[in-house]
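Have a look at this one.
Chain IDs A, B, C and D follow the sequence of writing; residue 1 opens each chain.
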């Protein structure tokens, strides 16, 4: 299949990940994460986030979000999220079904929540008629490609803690956010006070697997039970661990994310050649949100497929990945121009 | 790590699976199963089970069981299983948590259920005070290594259908059962009237991934929604599909299972040299259940690790896998003998 | 305790209800609804809604809503409601916890939904990533005291059916709506095509108990199982049935609701004497929503307690009930005036 | 309807309960339990169980069990019960559906559990593959009319606490057990270390309503939220409270239970006149379990209805209630004798 701008999960696994898988295959390993590879991969995360970090692996991003959140709430709690949040609109109710708790979706601005937006929900005192908020979850980079600044994250973490809430980040594209802000995980996540992070692997070049990073290890006390109950405990765990070693060692995660972001910038620059195209979000990570006249969009989709985002507004999304190339973008623009 | 008899999921991926993964990696593929590899893998299953079959992939065996069952019941139903069933004792309540329904565990004989054991549960008329039974689930090979004959499966399927129930098989080790009985999937599964099968990949040489096989496609109508809700929809689906192609093409599944079963037979034969060892179950698939005096068992475990099964009876389980070798077994016996 | 405008559920049971309870107490009756009283009460509902109606009783309004909705959906479905809906903000996540499904709350206008508001949710095609909408639930009278016209209900029912959805009404105050529009149950509910109604008893003068009215009996096929599972099957069912007979015979429901609505009109008229008070919703049923300067509101609350509705706007709610009196209102106004 | 031995829930409400309901009806009362009657009723419980007790009311016995248990566990926990337990076989999976957790049903002896029966479940260490046991629940009097001695309860409580478990009692017929042993609530419940009790009202002469008694108030911290989520928060709470005042003041609960037990003894004595009848359980509370030849049983059921218990054994259950009379029993025996 030819390449496309459909999604960063249409790309394959990057060479370093594939090599890591091959490297751990000639051997026996204890099942369910009781193996040395898992331990080593967890050590790699500690290097990025600090020694206090506790890390566990699951199969996919939906599970990273749902199992992490479910492990720190009870059914009478609620989790606050943005209206566009993946957990609210793209996970087929996995959160509600697994937890029996409530998701409170609030209107977001450019995909982002702020303390001001959340305040009324947190202050309402309707015991025992309403679920008690327990966690705020935000997505970084957001579902529309924008990025919370470190200051914005810290403000949300402080707000959360002031109100006895936790802050969770859905980091399906956390690597793209880190390189976009030219910062590091300690600065953006650990030092701001984030409590839990779903660390995305698949969209950054892995074959399968995501990590749940607990910045406060006491929060992880029942995670392993909830992971098993959530059908997310991989028996041959070494294969998730190995991929993360391939990604984290030598900063491959950074190389991959930097490249994907640069390609998005390059694609945006080339799209600016079309005066009828209007960018509907700032291009801050590896995706482009743009309003494109329907006839032009269709011609573009024929050349190199991508998805509509909001058909009522002729808004489209074009995603770049770790293996998008400049040549591919140039060819795409060429085809559309003819 | 040196090899062991701990579990068939301590083994790695077999070469054909690894090669299949490498073969599909140089390319883009549509996400979520909308790719050609997934279609091809589904075709391979149709060759084994018949054209009517509908197949979907999930990450692991717990999910194959739970999502399959949940997709055909409502919370006011129950699922009937054996007391030792993996879904009852080894899946941390995943079934109850996902479905909100009830699991009715019945005493089994050598790990097996029979119509006689189930009859009273099915005949009880306690509407609306008791969950309505909807599915019988059995495990093939069972959790203690025994195997239902084709006749026994047909009897359970007929009984189920007579009482408006479905029959599901947890086939985490279905390949071992097929080769043990020297039969094929059509004969054992399709023609007996089995409704749904969890087809095990991981223990047969895959890296991750299991298949849910619907023999009556109308039963699959809502499976894809439940799979997504159960956090089991892999975005880069081609990588599960590819592994199954590696396993099903050229009957590698059969080669792997045959080898594992033969190694269990060979290990059993060598264990017979120890008069103090008593086999507690017939050796019919790739595992051995045996009562071993504690001092001997500990010496053995030091040589080549395996798990106790029921410590109160000094019963142990020794599992062979697709890559267990005769030399390894001989060395194990040698060490114990000295 | 002196009376108040706090809520219509602070009132007691009306005499006809109490007498009906006493009347059925000197006797044995089969448990769980298998008694003649239950049958008779169900007949009374058929007189109001038509012979096709199937009716079952539960303990309270939350249960009427949640069990009714849960009985016609699966966890991969969603139910569409207004943002202010009781089921969304005042039932502590009972819906999500019992069903494992998703509630999609949409912004309402004066507490009401319209086909236009709902259309985008229904048209979105995101299989299998998003719950499939199955029911629209509206509240009549709404949570802010407004009332859907018969035409508006019919439009929603037609819209629902066109999109393969059901229409459910939370009728905790359905009697107040019927008398406000000077219509009857057949016209507003049966003939418009409403599929299910939670028929409120408690706020209309009962001690406990609500009814779930299925206008299409085939929808009720599994309700009794879900009611039992929802812990809502009363063993001594005759006592709910008797209350409904007390309420429905001789149109006591209408007398009670008419009185409550008239008292709200009278109270509104007296409140108009205060120029600083602004009504924030039209007074259409038995409650008043009004913006009142804080110092005046506090004086009023001291005289005759009522609750704030939205403190950020100084908006308050004053409810009348079947036993509110003109004298009580006059005395309240007098006290405030001095 | 003529009386019967079908169930103690076929009887009506006793006069003291009815009078208590009438007494609280001429008044307003704050909703949701924030009223003086609720406070007074809670005080009555403190007199019986001790000042430390925290008490909350729900609608029925299923809810008392399920909401109480659910309020002290998480979904990864399990609750241990007897195979015959009401919560296991007669509540349509309400526990599993509300909690998402697992019920582990163990074989009982005469309806009772012992530490010996439970030990293996508690000692199994299968983290994270198996739900962690959190509560033992027993029924007093049991589902087959037998009664745990105070010593047996203390042994179970000590065992539970030694293993970090809680002990809950389903006391749908706790009053019958108390009078049978000629003891009191403090001795049987508080002093033995029981953690939570479902205190039955309906079968002891109430119209509706049960109490959940927390002997350790810290365990009640989230109960009110779970009660609301479980659809068990009555708005007009005074009517449950009043009934409990009617029952607890002047020891009416004791009068009612003593009478029911005595009638069971008298009925048993009269049944001994039939040599073909064999009692299958000791008559210790208000029910009789007996094996009766089918032709005789049918004649008896025609005279005065009662239910089969286990048809495969011709075992039947005959229940007496607070209003069963000697004359009724004599007439029953007379009819059968002719």
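One rule holds for everything that comes next: a contact is a pair of C-beta atoms (placed from the backbone, for glycine too) under 8 Å apart; a residue touches a chain by one contact, two chains touch by 3 or more.
Values in this document were obtained by computation on a predicted structure and should not be read as measured data.
When you average the Cα atoms of each chain and compare centres, the chain farthest from subunit C turns out to be B. Of the chain pairs B-D, C-D or B-C, the one whose interface repeats that of A-C, sharing more than half of its contact pairs by residue number, is B-D.
Computed centre separation for the pair subunit A/subunit B is 33 angstrom, with centres defined by C-alpha atoms. Each chain gets one centre point, the mean of its Cα atoms, and the points for subunit A and subunit D are 50 Å apart.
Shared contact sites, meaning residues of subunit B that touch two or more other chains, fall at 75-76, 91-93, 97-98, 100, 128-129, 131, 225, 228-229, 233. A complete topology is adopted by the chain contact network, contact being made between every pair of chains. Every residue of subunit A that touches subunit C in the complex is listed here, in rising order: 75-76, 78, 89-93, 96-97, 100-103, 105, 120, 126, 128-131, 312. Residues of subunit C touching subunit D in their complex: 1-4, 6-7, 9-13, 18, 21-22, 24-31, 35-36, 59-63, 66-67, 91-94, 97-98, 202, 207-208, 225, 228-236, 239. Taken together, the subunit C residues at the contact with subunit B in this complex read 74-76, 98, 100, 127-129, 131-132, 222, 224-229, 233.
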